[in-house]
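First, the structure itself, so that you have it in front of you.
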């Protein structure tokens, strides 16, 4: 089964991580997974949400959104509709949870970092690109804070990256583009630490249910893909 | 590591599935996983959403909600807040996706079934109880349709049940109650067919990331739990 | 004029009041007026709304809602529509006002009780069943508070129950079921204290306007019905 | 018990009904009950709401609102808050129901009349003034339609007026101004036809519950007040 | 080119400024530009918005709205739609900005004046009538404050009035009525001080773009019109 | 008076117009005015809004938004707040109006072009950059349509560009950056055609009102600036 762009099944799309893309944000990254482009901005605030005040602990959260013409057909703006859709909510929560997995709240002190992940162009894998890019923006923002001695310790406990895997035709594949994503029987997003542990595993049978053997193959593919992305993150930050 | 209610780590809470709990709905089930009580109502409509009109295909969808005092502390109503929260959205989407995994749209014809899953009382595992109960309500609704010859074929392609698993202390456990859920390092919801295949796997590291070996143990526990639930569904429907 | 279920015109439907239906709420009642089932949960809070802070006075309020499939045809959720409808607002306000008629705010102290009345199944008279059941839940909640010495005095000044009356055909009738309600020329909801005084009288000419003689007959019917319900409340609380 | 403005307990405030206050509306009335001023505009539309299409029947509905500075303290606009409050909903529904009591839908044909009742200045009794004024605007709008032969018959089956009554101190009083309304133990709004029958009776014990004898006195007062208002409506329309 | 109402191109419609139209507001004006009637209420508050607290400076803001039947065809209420439209937002902001041009925040002290401009009847020029009337209401409100010694100084630094100009056919015209506004090629709203300086110039080519010479003619017309309105304001306040 | 970046008062910032920035949109431009970066996407639809159906005429509209971290301090998303703010509404309407000034609806046929202008980075002049960039995206979208023979004629009647001018200190200046904008006494946005006629003039006295002589100087500056921008548009499209 040949892939649309000629890649091997276990091959990532070309990944680009451009730091300091924005002038104002404490951390900012334009991350590209092939034609998917996500602008990740990390904003530092010296406060925490109300429910966390006085705890001595920090907070990290994320908001994901798509520009209306990121996709092939224009979508209505959620601001105009007056509501955030279910998919947007779900992905925002996933990104936030994933990044919190590498943060020590105590060391962060009562500060917040908000990760805004805005999809400028979409070609599949927008949430995994967002997590991978947002991690780099988060590191820059934390370094910005540490230079200003805002944090009592080093808030970073590791790194986090994410990739999608899926079964197209009968072939398990890494990092699906949109055309593959639409055709996939099974679709899985995996978030892992730089040391190869799982932060989040979300697998969905879009078509037929999948058995344990297939699940295992997909996890293998994702593990290798995340390792590669972790390496690219390290290089970008070097 | 003893469990709060004396269960073994691999033991489900007492499960009750009461059919025909409501007078009006085409299918309705009060499902109980221990103290968790979810009312699942299946409503048949002889139309489909606009984007599906003229396709000859049916649709199944779900809406999940909690009564304000289902939990220990009262929550504000989402109707009063004027917005559906992210968690509600996410779970509604999960239930809908899970049930669609056992439905043949062609055989359903241009009809819809809406599964309303309202949590009357919550003690952990509300989404897995909802999926397990909603499946039974869906079967009753489909039988109601078939008696009225509304469907061109048999829309049911199998059964679906769901269970939570997690790691509390260092012990992998099945079907977490609320106290265990709060204490869990890792939390996973697994949806499976009656023939033991995966429909959805959602694992999250709440505390420390987890490795492949632990993931495998959790999947084993969930597989056994879902099989047991599938058997209880069969008995309830007999 | 025979009634659908064979009752006499001045006869209530079978009424059931089940206390402690929920595990978490300070007071909770499942009240049934025939096929109408309303779950009433009383939640105690040791605060009052902002506009009442520092007054030394307590507050009692209510929220009414229907599950989407409580009725014969599924209704859209108000949370999904993003707004509370006029009928919901109106009934919530009626229930709150009715219960406040038997509460001494001074004796309650700066505490609140919120009564959530969720209609699980509807067959006419949901608001009157809600008031009748919510009163019992309120008593349990107030007792819960008094055991914890939260109140400076005894906040209960009496009891409150409610019933509908109407004219179907030319016959004045007590406690209308849905089929009768739809056919009624005139429809009246009456809330009374256990000592036979009026708290709220809401009569509406759905068809032809009604004269004073008919109004008097309906008030007689309602007075007898509320007295009977007050007796059932007393028994349930005994 | 002397009244704030020296009226007798059974006396209306000065009532003014100014027709044709607006240039565009098919019917429009500025109605004044003392310092309460409500602008009632009747808009004719040659359609009916979707649920009534093809029935051959017409529809009459109402919307009530207050300008932000109609009252002593400025209120936030409901348009700015993004939601209609419960009180607004309730009164809009009451006005619509009241006016529908004097309309023959068949004779109206598939046309609608919308009554917009905007309170320019509030001093108690805004809803009863609105009903009383909106009736006159409705008559003008129906005459406008009949001149254009839009209606298959004469849609007006009678007239409708409304007044508030209440108990202040121990004195039952007619047509309460704001200061009296705030002080009232019991508050009742009564809508009646020009022939002295009841359309709507809404009595509320704001303070102590009331007995049947008092209820009877209040109904007597309201009956006389509505008759007087009906006469004023007749004169205004002459 | 004759005007609909026989006016000269450089002639205002009859302007009426009625002060103290409302009983409760600290300042209130019914302003009429021909058939356009706007009720302007000025509400004094002894607080400022949160972002201005502790600054020692005051604030002036405005909200503009139209009654649903102010226009020839009924419009839906923005409160019912649940959102403020773009046009409403834009005009509210314009009125606020315009009035702030004649206010010294320091002299006002930490107080606010809110100008509610509600269009009761619309025939073109509602925003310019609103600004012209709101200025007079503002003066009355400020005088009310000064009598109560609420302000550290005299907050008024001048006067503000506004008028529309436009090109209909090929004729530049002052103070367009609705029929002229609809037919205008170019439409401009100009806000000026009583000393003839510009506060706001908003010109829009509705049809063909306009050249500098035409712009100059329109500015001349507007300058003369605003001077005339300033004189009418002075007389009204005398 | 030296400018922050050393420019002359009558000098534009460096302007970059990058076409085809997005893969999916029928026209797309990244426009930069100094540090201000706006992504303009033109989406073609072969329908028109409901109110224009059957007219044979096309439609052009625009939506403007800012990414949350486009500015120095993070702003909340309007989608999360559930409402579009007044400023966003106002600018969206301005952009749409401006572009419609160069479009022949008849020649466009019953097609729509939606211009999405998303500010990725803001440093003053975002609305004028958006108009200038959106025009180029519109041209590309119209050419795309003409290649597919969707339009009955040539919908473009000219070009449109926009620039801000203002008075900082006492110096009239062209194309204000954010720091200048904040300090400006007077702020004006001018939209002009490629042939030097005015489409929109919006001048606001932020501080002191301005006289006619100053207004004339600002219009001169803007005229020269727009001409320069029109030339840059021509080059970008060549």
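Think of it as A, B, C, D, E and F in the order they're written, each chain with its own count starting at 1.
In this section, a residue touches a chain if its C-beta (ideal position, glycine included) is under 8 Å from a C-beta of that chain, and two chains touch if they have at least 3 such contacts.
Given the structure is predicted, the values throughout are model-derived calculations rather than measurements.
Undergrad: To reach subunit F from subunit C by way of touching chains, what is the minimum number of steps?
TA: Counted as steps through touching chains, the separation is 3.
Undergrad: Which is the least count of steps on a path of touching chains running from subunit B to subunit F?
TA: So the least number of steps between the two chains is 2.
Undergrad: Check D-E, A-B or E-F against B-C and flag the pair whose interface repeats it, over half of the contact pairs matching by residue number.
TA: D-E
Undergrad: Measuring between mean CA coordinates, which chain is farthest from subunit D?
TA: The most remote chain is A.
Undergrad: Could you tell me the distance, in whole angstrom, between the mean C-alpha positions of subunit C and subunit E?
TA: Whole-Å distance between the two chain centres: 50.
Undergrad: Indicate the whole-number Å distance between the mean C-alpha point of subunit A and the mean C-alpha point of subunit F.
TA: That pair's centroid distance is 33 Å.
Undergrad: Return the distance between the CA-based centres of subunit C and subunit D, expressed in whole Å.
TA: 27
Undergrad: Among the residues of subunit E, which ones contact at least 2 other chains?
TA: Counting only residues that touch two or more other chains, subunit E contributes 82-84.
Undergrad: Once the touching pairs are worked out, the chains link into a ring; list them from subunit A, going toward subunit F first.
TA: A, F, E, D, C, B
Undergrad: Which bits of subunit F are touching subunit A when the two form their complex?
TA: Listed in rising order, the residues are 22-25, 28, 35, 39, 41, 43, 45, 63, 65, 67-72, 74, 77-84, 88, 114, 116, 118, 120-121, 123.
Undergrad: Can you name the residues of subunit A that touch subunit B in the complex?
TA: Of all residues in subunit A, those touching subunit B are 83-87, 89-90, 92-93, 97, 101, 158, 188, 192-193, 195-205, 208-212, 215, 219, 223.
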